[in-house]
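Next up: some structures, all given as structure tokens.
Consider the two complexes below, in which chain A is the common component and chain B and chain C are the respective partners.
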Partner chain A sequence: MPRHHIARPALTQRQAAAILLLPFLTVYAVFLVYPFFKGIWISLHDWNLMAVAFNPDAKTFVGLQNYERVMWGRNITWGAWSSPGLQMLGLIGLGAGFLLYRTGRAGKVTALAILIASLLLFVLPGFHPGEGGRWYDRRFWPTVGNTIVFVGLAVPGVTITAMLLAAALDGETRAKAVLRTLFFLSQVLSVTVVTLIWQIMFSPRQGLIANLTELFGGSPIVWLTAEGFAMAAIVIATIWWSLGIAMILFLAGIQDISKDLYEAGALDNATGAKAFWYITLPNLKRTITVVVVLQIILHFQVFGQAHLMTSGGPNDSTQVLVRYIYQTAFRDSELGRASAMAVFLFVIMGGFSILQFVLGREKDQ
Partner chain B sequence: MKHMILGASALAVLATGAVAQEVTLGRFFGDCENAGTDTKVTVGEACIIQSIINAADAQLDGISVSTLPTDWGNYYDQIKATYAGGTPPNVHVMHRHRVPEFASIGALADLTDDLAAAGIDPSDWEAAALEAVTYNDRIVGVPMDFHANLWHVNMDLMEAAGLVENGAPVLPSSPEELLEHARAVKQTTGQDYLAADFAQFPIGVRVALALIWQQGSNIFEGDTATIDTPEARNAISAITQLFDAGLANAQLNYADSQQAFLNGEAAILVNGTWVVDFYSAEAAKDDQGLNRYFAADFPTLFDEGATWADSHMWAIPAPLKANDADTYAAALQVLAFINDHNIDWARTGHMAVRSSVLASAEYAALPHRDEYTGTADIARDTPPSVRYGAIQDVLNRELQAIWLTGKSVDAALADAEADVQDLLDR
Partner chain C sequence: MNRSYYWLILALSVPAFIWLVPTIWMVSLSFQPNDVLARTTSSTALGLIPIPFTPENYIALFRFGQVPMWFLNSLIVSVGMTVAVLAVSTTAGYALARLDFPLKGPVIVLCLMGLMVPEQAVFIPLYTMFADWGWHNSHHALILPRVAVPIGVFLMMQFFKAIPKDIEEAARIDGVGWLQIFWYVMLPLARPAMMTLAILTFLYAWNDYLWPLVSAQQREFFTITLGLASIQSNFAQAEGLGRVMASGVVASLPVVVLFLIFQRYVVRAMTAGGTKG
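This part shows the complex of A and B:
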């Protein structure tokens, strides 16, 4: 058989890669990169949502004024003790981070993360309006605070519950498989359905929780309009909603742990809770990091729960950043100002993404 | 249902061979699955408006109307986003209070010279209705109603407390009397005197506003916020005295407060005209706690009568008039149809806007209509502002903070005044 070469245009690997990547890059550029820079561009303008739609010239360039109007105020001063609780916590964190690093109990990156977080905790709450001064937007920082409180409650809540569930439901019995599916089911619901379910659950008149408290002789709590309970209510709904993915990640992590370890542990009398504490937990360290950082990024964007269940109330106690951005953009039509807040949110989440990236690399080495 | 309507209209098109002019319609009022096309039998805002729309779709030659899915709570956000995206519905409902926000940037079509040709007669509209849809001397909408806060009354509870005279409830004429009546109801029936949504939508705000207006004050004038005033304090303490004495529950939201009233757990419910037909239908049922129902004018507790009021109206986006004459003409036909059915919409409990309807025997015969005839004269609202929505939210937040979280009246009024001033200054 004669051998002959069919001449075909040879693609270098580079060219092939470029062609294969092109569709993705186009979509990425059009739907992610462009809107992102457009958002930053809008944040530098006084830009009314409707007015600009009818007259493209109705916007004016204002530089960083939107950022100033949102985050700054008149006569803002800094004091080392203007918010003693938080700032003290920051100082303790600084000391602890330094100590952990010196004693070798924390890696370089972990220590650095703790130090940066503590420094921010010490510096940021120190700003306050001085004599005769005021924040230009007195709701922005409390809203950021609420968002952090939400994240601070929801992330450990989801992580711990999901981990315990995963440990309990790891196994091959039919009941466990059914339960795993059940616990994951809530994750596929949309936020509207989840909030509807929980509004009914929390209702003081017909809710399951109210009926239970009445059964035991208590008077029902009006969860969604009581200042002390509203945030707890949306955190509970959120934990129920977002357990699924975290649980699956933990299940995968647990199944990765060698069975030999448990057998060896059992010989030393470490079973049940002990085995969980001494074998499962240390081996899940990496999964925990991934879950925590993913959850932080996810929950900073909380919107639906606060919007649909409490409308940010009572007294703004569940007003969160994305809802404030949404209201500023669509209710008040102030797109520039809203974009400035969105850029702020991006910076926060960007910080956590970098943290995740760095932590991931640290473990690889 | 929507698919059935769409399917049916598609079939109709196939059968006649004509292409119907499609008119898209945006509205709030909620969903109604099986509204049908009979505008005389439906109950409640959602079903009555949908039956009128369905009837328009069925009866207008060569025009099909499709209702877009929108959500009550986020309606204006959605509508504004569609305007910004260049795809607003061909006709949409809105409140009078939103006219400045939309009309000031030229978003609404000027209908002034096209109404007569479409069969709409603005001279039949009440003066206040014409004023509601007029911006800079041009008509930018077709009014559909006046709506206002009423006091919905459970007559059995009032009678037990000795608060009924000549078949009508005896309502308070001062804050002190309000407290007396509330105590009387509690003592004789064990039930709350007054319920309202003080925890969710701004119904509580509207109660407080009415009491502020009754003293001749307002929350802002021109560009100056005037919230931190003695009048506002009087208004707030008239309300909070009921909470403090355990005669009303501040923590009920819209659905819960309504349920409390229907269960016979509150003598009075403060809510709008939009529920009169619903409550009278509920009172007619045997299994309800509410049996004898009366719809009363908002009482005057201070110097002059005032109750919060607004108007629903229909508008057409300006770009449609500029770019698409056929659809614009069809959209006007839809508005004319709705205008012709003003009497059907009034069945909700809302007050009609057409003089001819107001004078008709059919209107006078609507249930409970003769009980709140004073409301039209005391209807009020805050001054027009492009920031109406944001201002309402500030008031709702701060007033709720007072009765739900115990924030001091001083702090809440100071914060509200500062925030509203900020909004007026922007």
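This part shows the complex of A and C:
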């Protein structure tokens, strides 16, 4: 009996793999790998958005000049005591890192991360303009500083609140499940909804917070336009917004702790707060590190809160790095300088991503 | 259950309520008349209860203005992005997890490195590329950059790796081709992972702000997230506080409903997305 059709030769494994990988790899190459290198390319040029849009040849290669114009200045010197507060903190961090590692309270990676961060904290703020010198870009380092302050407030705020809530809300009961849902809910809102809500919450005339203070006879604070309060305001909104993920990660970490430990603890009268301090906390060390690194990556990229709630003000006190990049690129049309800052951001984020990856691998082993 | 348990629940209900207050307030303000809100935002119980009550803000929202159009744009972009991400992630994830081919190791490492690149590091070159091609102010311009982010590939790869080998081998012995195995055997098994990835992507697309802000300059192509940003700066004068709040409620409705229905998946998706990318 003749065959009615010739059997198609089956695809080899290689051919199948090529067909299945092609769609992703194409999109990946065009919309991520290529732009990444193009970003570095732009950062090496004097590249005006408008000028180049009209005439593609209107850019000039300037080498590393954009990096110099953003990060350096005339007559910059370094002193071990030019920014005592931060540098002292760096020194303390260095000491603490060594101590934690020696006493075995922190793993190799954690200790190394603390040491590198502390070293940077000691070295970087030491640079300052010497006699008759000045920064070429007066706003860049203060902006980086504001971003670090924001991260430094939001990350501990989120981490501590989330950990306490997770410890209290761990359990199978219905009431706890409902409470977990309530605390998690704000996490799914978009940044523009969050800023809409909090802008009006903080409003001195219409805000709920102002209404409350007036109810108790106080005079309302002009949160979003008062220096000092503006940063606090966007940190509060951020903690409200991004508590959920951290809480969920802590809940997962707590569930990994053996129940036997708590039963043994209960025999020694360790329940409630005592159990949290002596059993939960020491066993959550890894989760805490993961949550902190994750939050640093997330919050270093803060943009919407500062852009919409305070417009970086008052007096640049809430100007953050991504907003400065955005403005330099799309308001000042200085794509070259903006790209140099974006590369700077990538280097910092890349460092933390590697740390996150190494931590993730440690867990899998 | 003992007494201390009820005390704990009671003690935690207070912060939980405070946590919910901003959201309640938004919903409550959206149901109050604008002329009342212009005078005071604390009519009843600090404004947390919508008395005097009116649905006029929502009616006005759907009669006039661009909120319905922005909502539609958000739907198109979010659904389009979700479908595209699922398509490229399941195929690539399966190939990387289950098939042997030359240079597999380097390809995986190359994809892994993409996880290190934050959106903010590529949005400027992406802007110039899309401008050169005349792609801005379109739905695909809002969709494509996220499809290139390898997070979904890794989620799917990890899932496919965990499936026992013998399922595949039985099919191979019967002479089934690789693509058929992928389509008829693997994809049905992958439904929970695809669900997780779909929700992660949809939430991201719906809430994304920076890229739409850069790419969509014409109001007709705003997403609801971007549109909400554009009306909140001048809420008091232009449309009235109540109507802006109603826009906020409408903008949040899909993600909140999604969350309440698929809570388990949402939590899994956000932790997976958070810890891996």
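Basically, the second predicted complex is superposed on the first by the 315 of 365 C-alpha atoms of A that agree within 3 Å, B and C clash if a C-alpha of one lies under 4 Å from a C-alpha of the other, contacts with A are read in each partner's own complex, and residues count from 1 in each chain.
Convention: a residue touches a chain if its C-beta (ideal position, glycine included) is under 8 Å from a C-beta of that chain, and two chains touch if they have at least 3 such contacts.
As the structure is a computational prediction, the values presented were derived from the model and not from experiment.
Upon superposition of the two complexes on chain A, a steric clash is found between chain B and chain C. With both structures placed on the common chain, the touch criterion links A:138 to chain B but leaves chain C unconnected. Shared-chain residue A:204: touches chain B; no touch with chain C. Of the two partner chains placed around the shared chain by superposition, chain B is the only one that A:227 touches, whereas chain C remains out of contact.
In the overlay built on the shared chain, the residue A:326 is in contact with chain B and with chain C. Looking at the superposed arrangement, the partner reaching more residues of chain A, out of chain B and chain C, is C. In the superposition on chain A, A:316 contacts chain B only, with no contact to chain C. When both complexes are overlaid on chain A, the residue A:257 reaches neither chain B nor chain C. By the touch criterion defined above, A:53 reaches both chain B and chain C. Contact with chain C, but none with chain B, is seen for A:294 once the two complexes are overlaid on the shared chain. In the overlay built on the shared chain, the residue A:353 is in contact with chain C alone; chain B does not reach it. Comparing which residues of chain A touch chain B with which touch chain C, the overlap comprises 49, 52-53, 308, 326, 330. Residues 1, 4-5, 8-9, 12-13, 15-16, 19-23, 25-26, 29, 37, 41-42, 46-47, 87-89, 91-92, 94-96, 99-102, 104, 107, 110-112, 114-129, 131, 144-145, 147-150, 153, 175, 177-179, 182, 203, 206-207, 209-210, 213-214, 225-226, 228-229, 232-233, 235, 241, 244-245, 248, 251-252, 255-256, 258-260, 263, 266-267, 270-271, 274-276 of chain C touch chain A in their complex.
For chain A in complex with chain B, the touching residues are 48-55, 58, 134, 136-139, 203-205, 222, 224-227, 308, 311-317, 326-327, 330-334. Listed in rising order, the residues of chain B touching chain A in the complex are 73-74, 76-77, 80-81, 83-86, 101-102, 105-107, 199-200, 251, 253, 256, 259-260, 318, 387, 389-390, 393, 397-398, 400-401, 404-405, 407, 415, 418-419, 422-423, 426. Taken in their complex, chain A has these residues touching chain C: 10-11, 13-14, 16-21, 23-25, 27-28, 30-36, 38-39, 41-42, 49, 52-53, 165, 168-169, 173, 175-176, 179, 181-193, 195-201, 206-208, 211-212, 215, 240, 244-245, 248-249, 252, 272, 290, 294, 297-298, 301, 303-304, 308, 322, 325-326, 329-330, 335, 338-339, 342-343, 345-346, 349-350, 353-354, 356-357, 360.
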